[in-house]
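Residue numbering begins at 1 within each chain, and the chains themselves are lettered A, B, C, D, E, F and G in the order written.
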């Protein structure tokens, strides 16, 4: 009646992804059931205690509670799937409370034994499953299990993202800069109105500076470089404004045109500006200029969506890139070949055979021909 | 009439409350526990008895426990009426205590501590009712009584007992919790006071007649529930599942009498005969609004007697007898006439003595022979001669045979009925007397003149309402035959006895009390003699004098 | 000096609520001592305050405190009179009792005790504030903390109950706020006294004023749990931890009802009722229905805490009826019944808590025969239960008497009848409990105590029996968990207090007469 | 600005008793977003539109010269609430749906319709929106007092601040307590489960 | 005189602001997919806001308040594209296919 | 006397003109709701709300100028920041569930 | 009819308050998703806030930032009330959402009907 393949054993322990694992397992079982098998799912809680230990009752109770919860969840999944509820059998058990379990090997033995007893052929492991303490020991467990006859699988669920460290050190320079900036901001808002505002401003700025100075900067601002950058930035703004207005008018014409003559493409440009603030500035400038929109910034590679050929041209000409280099690194750095000249451009969306990619043959040549959709999967994380 | 501040009324009530506490605490040592009961009952009786002379002199001992609600004090007042009831209750408590000890130990009952404690509280409440100086105080004790007796009714913890308990609570609370309180509220609203005043609260006489009528009806029905007035009597027969001493003291004396006593208070001290006579539609005549009450009482006493005829279960028959007899009292009160009042009030102790005897007899039969059904009692008089003799005396009193207490009181009522011009009620009384004989005679006959072997032929009255039609049907085995449906639930057979006469007929014991323990026999004989004394020398037995004092003090009622 | 009592009463528990958490960083169980010390202090202040407003002292019978020194219509004022004194006393006494009870059982986290103190402070604030919007703030503090405390149980159903309560409670508070808004639009002030005089000047027939009262009434009906709007209550009371059920059932609805009395009679005044017979009739009708249906629903339940919850619906129906009767007597009864009901429910829930933690009893059937095992607790539950029915001598009788008398005086025969009949209904469900406790053999162990006297009761301090060490009935008691003595003691004291208060009508009258004199000039 | 700025005949009054175009347009916006919030089946969509609703409402508040309220509503209604809601569905689930809108629950519509009818019946009793004679504005004891004395007594130009911090400082104290209570509540409700997972 | 010029400028700026916002709205409604919509959302709208804010600054006149307008403008210029970028990226990572010529309109 | 009170045309002042402009902005915002309703993806809705937010800022500024309430600009400032945060938060949410904040 | 119109056009904001509250109420009743119910609760409250803000409004009045010779002003009091109430509201929302998360972790669903079924309510 049940082939070994159709039986699934799932070790459970409270974890962030347990709920999703249950969902996956039930979905999987339902799929198999749809093929005519009678699917059996066993949720087992492997005891980390022994029956005689003091406090084992409470531990056991906790395990039983968890199993009940899992069963409820499974019930929901089945209900939602709206199929014959008989096709999937769900059972729960607490195992191993008579043995001492030390290593992943012991666990694996225990699971295998249980699986054999009940004719189960497959183990699905919650990726966040942990054996005893706090460390994730899934890999060794999987390794051990793989030695045996069981098919093993890690449930493909989203794990909570682990973010990189945002926090860096606080230095006096960072602190002072932040303090000054926030103080200035406060005074602007308050309209520079007297002593009261001054006092409260200092207080507020102090709070901001102490709490946030460790996350606001990547490196120390320097007295030599920073003012120059600000100055060059001021020069940059009018140019940018001009660019914006011009391309805005172009885009406005396109949009208001009843024919809506657009030709959007996703392109990839490799740029040479420092990561962090300069890159952000460039990406934002590109976005601000109508017709181009930064979709993703991957270190030196910008994925830019362009609306009309006119905008694409401008992008590949690299004017903005040069300006940003100018703002951050000075005049010499601005002299640099355009992306098109460097061959750092690529149109990701092949528009089709009958419509060649608007005079950019070299773009395709460069980056190979991998097509658009699959790229979405790679990337961060 | 002078009022004297005293603690004796309070002491009388408290002594028994304290005893209840002591009983609970000494639950592990039965002898000590029973000692408390006896001690308390004796001292209570002493206290009450010590107030009798004062009551006869017209002095009233008063304990004021302060204000419950503005305008109403928590007032204990030992006036003659109160002393009448209190002395009765406390006297019979002594008797019953002994009997209870014998009975409970004889049957090896569970929960004896609870039983005795509840008993003590019940008596305390009864005495409290007796001494209550106003409607609210009486209400308080009335409710305490209901609560305290509930454990006694449900004592057996069987489904039947619980059902009876539920019914009991529902009825008495409908009467007490709902109607009495409502009536009290009404009276307070109408008169601004609820203190008892001989001859009635003056302000009530001048109040809005409709509302006053309503108040009277509500109060009368409220107390009437406990007094077993039809159609609110259902709880009483059911409550007979209780142990017999309970049935005896409480359902013949304390509980039902407290209902009757309440009616007496309402008639005499809240509204007063004059006010009542003035209330109600004109065509009610002299009796005024009391006429319906009298009519109800008359109907109850007749119908209950007839129902009693049909009951084979001894205690149930006695229960219906109680319902019927209580209505004598109510009728006496409702006739609003001096002699009738005397008769009615006197019937309170008279009936108490007699009915107690009867119940005790039933109880002793149950303990000794596990027999509850009259049809199974053939020849039992040979087995328990003293018991059945006492039974015969009391039954005679019930039927109004002279020389027993019942005769005196009934005589007064009949006289009163004629004097008040309500001859029809006198007729009812006489009819009921005949019915009384009809339902008691078979028991006596069965006990003394039947032999166990031919129980089929017992001379039950085969009237349109009475008789047991199925008895005639076949001549099979008597014991088998007579075990009717109630049998199984109601007795505590521990496997060794099944009720009914033994195969070879009852064994004969001597006449010197070998039939049972003196713990039970003594009380029976005491109660029986008391009813004889009250029948032979009513004045010497104090009660009649107290009653005459009460009625004499009522303004506007000739003595 | 004495008017500083008012802000102190409110501020002390609210501020002290920080300490359990703060000290919790350092000590594991700082919560209980802090809460206890604060509650005792509050209780002492409450007594002092009651003394200050009672006619027995020579002081003013109405304390007014302008917060931060800004006088009334501009600032917020706190007002303490006899009526609020009664409430303040009740709150502080129950708080202390619950804390004693909670020492061994209570959800043993510092957050719980913080919540507890916040709830106490919020309730005191509701009792003392003289400002309509300030009342809303305290109403929400109380609500918020109640939701959290209820959900602090391990049971998932408690969270569900709390969420339901949150929806209905917040809706109720919002409706109240709308009502206040209407009155505010009509008068331009938020101070209660000020508004009372403005309303009187405006006339009570103004649709805005009528609507204002309507909203306030419905809002409070939600908070109090009057029949059609009671649905949050059973779940909330049933699944909350025992300590919390006791505390909340005793005080939260009670204080809301108090606030309704305050607003109805101090702000809208009795003249408003007189001018709007339709509203009065509606109140009486809803109240009567609540009494009857609440009792009937209680009858249908099997779980004990649920029975008590529905019983609250009925009892508060009675109080609402008293409010609608516009009778001084009835209102007097309502206040007494508020106090009485609070004490009785606290006793019952605590008693149920003791028995459920000792014997795992949840449903009425589980209570079979427990009287033998735990005579003291059962006895006290019986006492409180009978008091709830209104059996004298108990505070329950007193409340019912006055409400009924008020109904009769007002000529509302229907209401009077309903109140009397409700006694019977109450008896029916309390009777079930008593029957189970005393007259039913436990289903599992056969023949416990058949041995006659020996198994009957214990003489060496039956508290031990409640604690599960009673050797004589040990046969069926393997699963008994010991219960701390002080829990039983608290139950006893509270139960006896319901009896003792029977004689306290005079004290109530003394405190309330000046207040009611103002309400019913 | 005076009350009766554009008094030329035939022109739409922009500042007088009665609805003005900007109010009307904001009303439409707010109502539309409200209805959409109610009807969207996808919770995320609902949350997003609710944020827009809050923005619209904040605009309306601001137009009614309640800048502080507008600010708070924007920060809390559109900001914090949205984040909380998002956090919740992040920690729980967002059911996938095909349908764009919920089916309309007619009984509920009936109930709400009743509510509308009952409350709308009181509308005529209100003073007109912005009527200077309405009791709140005319009450010299309260509103008038604040406006006249707030600066002298508290030193705050913003009367709202003055009332909030000084005259009704106790409410603000209560408000702080509420926030604290909410913190406690989250601890009590979630303590063990979610944050430790 | 200067006032008249100012009023004129205000009128022009308001009109331009309205125009670009209108373009933005049209774009958001008309364009076929989320990426192209993000274009107008971030750009046309930013410009529209810029003009409108300029009008506001002109109306208010020089002073601390006007500085706020500039600050406001700065914020919009910084944040709007970032937001658009975030949205576009979110769409991209969720796997929304950019629309190309010849696809059906969505 | 600020410019807002200066006469513009036909009895309307500049302030009134700005008010009308604000109304038109609201109207555009309402039009934008079309996208919020139609979706099809949630990013579209977020986008619509983002544009709405920018509009709100503008409307606020216009109202401030029209009604002579410079305070409104402060609010507008907060809005601008808030709008940004909101968009980013929602976007991040859709990308990495649980990644917000 | 004109009377009706007159009322609505002069009490427009109050009318909006009614409608918004009703929509909030509808969401609380009709939507099965707990999160949406909470949104409904919020909407109900915002309706009330609008009511108060409206009541403070005075045509041509300035925001209550008092300056010499300024005025007339709108009333500050209702605005203070709303400010307080908004904060109270968000606290409630937070607690409600915390409860929702808790319920989800216990029962794995956010739908009120499913919860009712599991818990056996009513």
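Assume a residue touches a chain if its C-beta (ideal position, glycine included) is under 8 Å from a C-beta of that chain, and two chains touch if they have at least 3 such contacts.
None of the values given here were measured: they were computed from a predicted structure.
A simple rule picks the central chain: find each chain's mean C-alpha point, then take the one closest to the mean of all protein C-alpha atoms, which gives C. In this assembly, the chain whose C-alpha centre lies farthest from subunit C is E.
Of all chain pairs in this entry, the one linked by the most C-beta contacts is D-G. Of all the chains, the one whose CA centre sits at the greatest distance from that of subunit A is B. Subunit G has its Cα centroid 6 Å from the Cα centroid of subunit D. The distance from the centre of subunit A to the centre of subunit B, with each centre set as the mean of the Cα atoms, comes to 88 Å.
With centres taken as mean Cα positions, subunit E sits 58 Å from subunit C. Per-chain Cα centroids separate subunit D from subunit E by 27 Å.
Contact with two or more other chains is made by residues 38, 46, 65, 68, 71, 80, 82, 84, 88-89, 93 of subunit E. Contact with two or more other chains is made by residues 21, 25, 55, 62-63, 65, 77-78, 81, 84, 88, 91-92, 95, 99-100, 102, 106-107 of subunit G.
Along subunit F, residues 4, 15, 46, 48, 67-69, 71, 74, 77, 83, 94, 97-99 each make contact with two or more other chains. Per the touch definition, subunit E reaches subunit A in the complex via residues 19-20, 23, 26-27, 30-33, 35-36, 38-40, 42-44, 46-47, 63-65, 67-68, 71, 77-78, 80-82, 84-85, 88-89, 92-93, 95, 97-102. Partner subunit G is touched in their complex by these residues of subunit C: 133, 136-137, 140, 143-144, 147-148, 151, 156-157, 159-160, 162-163, 166-167, 170-171, 174, 177-178, 181, 184-185, 190, 231, 235. Residues 1, 5-8, 11, 14, 20-22, 25-26, 28-29, 32-33, 36, 42, 44-45, 47-49, 51-52, 55-56, 58-59, 62-63, 65, 67, 70-71, 74-75, 78-79, 82-83, 86-87, 89-91, 100 of subunit D are the ones touching subunit F in the complex.
In the complex of the two chains, the subunit G residues touching subunit F come out as 62-63, 65.
Interface residues of subunit E facing subunit F in the complex, by the touch rule stated above, are 3, 6-7, 10-11, 14, 17-18, 21-22, 24-25, 28-29, 34, 37-38, 41, 45-46, 48-49, 52-53, 55-56, 58-61, 65, 68-69, 71-72, 75-76, 79-80, 82-84, 86-91, 93-94, 96, 106.
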